[in-house]
Amino acid sequence: MPSFDTKAIEKIHRDLHTHLPSDPALRVKALESLVVEKGLVAQESIDNWIELYAERIGPKRGAEVIARAWTEPEYHARLMEDAGQAVKDFGYEGHATEHTKAVQNTADTHNLVVCTLCSCYPFSLLGMSPIWYRSAAYRARAVKEPRAVLAEFGVELGADVKVRVWDSTAELRYLVIPERPAGTEGWSADQLAAIITRDSMIGTARDLALEPS
Amino acid sequence: MDGPQDLGGKESFGPIEVDSPEYRDDWERRQWALTKLVTTPGVTIDWFRHALETMPPAVYLSVPYFQKWNANNMALGIDAGAYTLAECVSGKAAVRGASPPVVSVDECEAMQRALSVDFSREIDAQPAFQLGDPVVTDARPSAGHTRLPSYARGARGKVIAHHGAHVFADTGARGDHRAEHLYTVEFRAGDLWSDAEAAEDVVCLDLWEPYLASA
Amino acid sequence: MDGPQDLGGKESFGPIEVDSPEYRDDWERRQWALTKLVTTPGVTIDWFRHALETMPPAVYLSVPYFQKWNANNMALGIDAGAYTLAECVSGKAAVRGASPPVVSVDECEAMQRALSVDFSREIDAQPAFQLGDPVVTDARPSAGHTRLPSYARGARGKVIAHHGAHVFADTGARGDHRAEHLYTVEFRAGDLWSDAEAAEDVVCLDLWEPYLASA
Amino acid sequence: MPSFDTKAIEKIHRDLHTHLPSDPALRVKALESLVVEKGLVAQESIDNWIELYAERIGPKRGAEVIARAWTEPEYHARLMEDAGQAVKDFGYEGHATEHTKAVQNTADTHNLVVCTLCSCYPFSLLGMSPIWYRSAAYRARAVKEPRAVLAEFGVELGADVKVRVWDSTAELRYLVIPERPAGTEGWSADQLAAIITRDSMIGTARDLALEPS
C-alpha cells in the first residue's frame, strides 16, 4: 500500500534522480523490462495500448461529437447539459471524460482550456495531448496572458471578444465547441467533422477552415 | 503545496512550441502505455499527482513530460513496496513472475472506456454556496496536495456552477476519499493579475468548498 | 513577477548541504570578481536582479549560483550594447581595447568599501503607516520586478520599523530611481502558513509602502 | 544603456542558454577573455579581487564587531541603533552593509537570516556566503520551516524559544548577535572574536563553543 507520506515519496524521487541514467529511453526500458519480468504486464499489451491510441482514439472522436451537436439541436442541448453523458451515445466515454463540460464559442466569447497544475485532458475524446499542452510555457501563460498565447497560435482576438479560460483543477474536463463556419449549410455531419481540428476543441484555434487541414 | 507543478502565471518560460507533436520519441508512447497498464494497488489519482509534485523542482521543469511519469511510476511502486530502487535501476526483477495474458487492442479499448470514473458522491452536508455567490479563496498555501493554484489564492470570484460533492483531492492524496461540494468559480482577470491583458476576461476554476469563504 | 527566484516556502528542494563551502570551483571565484570589477553603465541593482529572474526557470533552478551571475553579466552587457552574443559565445572581442591599469589589492579593498551605498532618500510624502500599525500586503502578483515575495502576498502583518524612504526596487528595475517609504513588517508564522511549525514564530520582511494597505 | 525591457532580457537569456557551452568554467573563461580583450579589466585585477576576499574580507570582521559589542555596552547600543554606521569604526563598511541591522539572540529568541528572492548577504562583514546560503533549499525552507532547517544545522530549539526569521527583501542586511556564552567572563575582545562563527552571525548556529572551531 502507498505510504501517502510526502517526505517519503520526495526522498524516493531524489534517490531515483541520483541513481538512474539521464537518458529517458533507458529509464523507460528499465521500467518496462522490470514490470515484464515481474509478470505485471506482457510486452505485447504495451504494443496494443500504443496501437489503440494510434488507430482508434484521437481528435476525430471529439470532432464527430461536435459535428453532431451542430446538426442536431437536441443533441447540442444534451451535450451542453452533460457532455460526459452525451458522448456515451458514441461509446466515446473513457479516460478522464466522465465529468466533461462543453463550452460554446460565440461571436463575442472565446474559450480556452488549460490545466495549470498537471496536464489534465479529455484523452478519450481527443487522444494524446500535444507536447505544447503539457509544456510549462502553456500551463504558465494560458491563464495570465491568454491573448498573447492565442496570438502565438495565430488567433488574433479583438477587444470585443471576451476570453474565458478554463483551468481544469478538479476532475471536470473541458471540450470547446467551436463556431460552425459560414458556408457549411447543408453539410453532413461527416463533412463537418472533417474540418473540426484538435486545437479548435482545446481553444487554441478559433476560425475553422472549410478545407480539412 | 507550493511545488514545481504550480505553474499558472509563472514567468520566463518563453514562447510555446505551437507545432509540437504528441510524442517526440518512441519511449514516450511506451511510458504512456506502461502508466496505464501497470498500476500500483491503492494509488489514488491524487496521490499520483502529489507524488509527481515532490520531484526535485529543477528536474520537474527540465525533463520531458513522460520522463516525469516514468520516475513517478517507479517512485510510487517503490513507496508501496511493489519494486525496489535497485530493481528500477537495474531493470531486473529480483523474482520473476509468470507472464500474464496479453491484453488485446479490443481489451485495451475496453480498459480505456472503463477509465470513465465517476468522482461524484452523495454527502449529507448542504452546499454552503449558491450560484452567483461571491466567494474568496484561501490565501495561505496548503500544507499538502491541493488543487487551488497559487495564482488564485486570496482571490475574489463568483460561483457559476455547483457539481454536487466530488472526491476531495487534498484528502485523496492522503488516501482519504471523502467528498466535498465542488463548484466552478469565475474570476475576473483584473482581480487575478495586476497587469491583465483585458480586465473583463475571466478564468474559471473548479474548486472544492474547503478552499472557499463567503466574500 | 512570479519568476523562478521567488523561492520562499516552495517545496521539494530536499535537505540543505549544511557543510558546503563558499566555492566549489575556481571559476566561481573568478566570476565573483568579474561581476564586481566589470559593470555595465546604467545597470541598477534592481535591473541586475530582475534580469536574473528572467532566466529560463529550469536553468535558474539547476545551475550553480555563479553560473547564473555569469549568464546575467553577459545578458546585461548584450542588452546594453556593451558586447554581442557572438562575442560572449566566442570569448573574443570584435575590437580589442587598450589594457587598463591593474587594480591592486588595496585598490580592490577601497572599491569594496565604496560599495557601501546609501539607498535612503528624502521625500516629501509623509509615511502612511506608524509603528504597530496592522497592514495587509497586496494579494496580486506584481507586473514586473518586485521584492514582495509570493509567500507574503495577501498576508496580514504589523509594522515594526520605519526606515524613511528608500529607492524603490520595482521602479528601480525599470531605471526609475524614485523612493518610497520602507518598513519592516512582522508576520506571524501562523498567518503565513497553514502548517506553521510554531504559529507564534515570526517572519520579518522589509517592504515598501506601495505593497501595503491598512488592515 | 540598459533597455529595462523584461521581454528583451528574457530573450537574451534564452539565446545564451542555447548558444553557450554547458560547462560553467568555459563560460566564465569566455567572459573573462572577452572583457580582458575589450580592455574593460586587467587579468591581474581579477586575481587581486580574489586575493582581497581570500585574505582580508571574511567572517572574522563580523566576529570582531560582535566581540566589541559584548565587551563595550556603549558600542553594543550603537550597533543595535545603526549597525551600518557602527561597523565604520573598524572600516568594515562595504558591499551591502550600509543599511545593516543587528538582531540580538536572547534566551527566548533566536534570529535567522535568509534572502528568499536572491541571496543578499553582508559581504563586507562576513565575506563570501556559503553555498548553502545561496541554495534553493535554504532560501525555500528558512521562512517556512526554520526549526527543521535549524535542526539540520544541529540546532534544536525548544518551544520556549521563539524564532524570528529575517528575509532580506530590501537593501537592509542583517547580522545576528549570538549570546555571549557563560564561562567567558573577563575574556578579551580578541579571545571572544575567535569563538564567534560565521553561522552564528547568520543564525544557523546558536550556542558558541569556548574553543575556536
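Letters A, B, C and D mark the chains in the order given here, with residues in each chain numbered from 1 onward.
In the analysis below, a contact is a pair of C-beta atoms (placed from the backbone, for glycine too) under 8 Å apart; a residue touches a chain by one contact, two chains touch by 3 or more.
The structure presented is a predicted model; accordingly, all values stated were derived computationally and were not measured.
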Item to check | If a chain touches subunit C and subunit D alike, it appears here | outcome: B
Item to check | Result of counting contacting C-beta pairs for A-B and B-D, higher pair | outcome: A-B
Checklist entry - Cα centroid separation between subunit B and subunit D, in whole Å? => result 39
Next on the checklist: Quick check: how many Å separate the C-alpha centres of subunit A and subunit D?
Outcome noted: 49
Checklist outcome for this item: Distance between the CA centroids of subunit A and subunit B (whole Å) is 14
Item to check | Averaged-CA centre spacing for the pair subunit C and subunit B, given as whole angstrom | outcome: 33
Item to check | Multi-chain contact residues (two or more partners), subunit A | outcome: 10, 13-14, 136
Next on the checklist: Could you pull out the residues of subunit B that touch at least 2 other chains?
Outcome noted: 1, 9-14, 54-58, 61, 151, 192-193
Checklist entry - Chain pairs in touch? => result A-B, A-C, B-C, B-D, C-D
Checklist outcome for this item: Residue set of subunit B touching subunit D in the complex reads 12, 14, 57-58
Checklist outcome for this item: Residue set of subunit B touching subunit C in the complex reads 1-4, 9-14, 53-58, 60-62, 138-143, 150-151, 153-155, 191-195
Checklist entry - Which residues of subunit B touch subunit A in the complex? => result 1, 5-11, 13-18, 20-27, 29-34, 36-38, 40-45, 47, 49-52, 54-56, 59, 61, 63-67, 70-76, 78-81, 83, 85, 87-93, 95-105, 107-109, 112-120, 144, 147-149, 151-152, 163, 166-167, 169, 173-175, 182, 184, 189, 192-193, 197-198, 200-208
Item to check | Residue ranges of subunit A in contact with subunit C within the complex | outcome: 10-11, 13-14, 136
Item to check | For the subunit D and subunit C complex, residues of the former touching the latter | outcome: 1-6, 8-10, 12-17, 19-20, 24-25, 27-42, 44-53, 55-57, 84, 91, 93-99, 114, 116-119, 123-124, 127-132, 134-141, 143-149, 152-154, 159, 162-172, 204
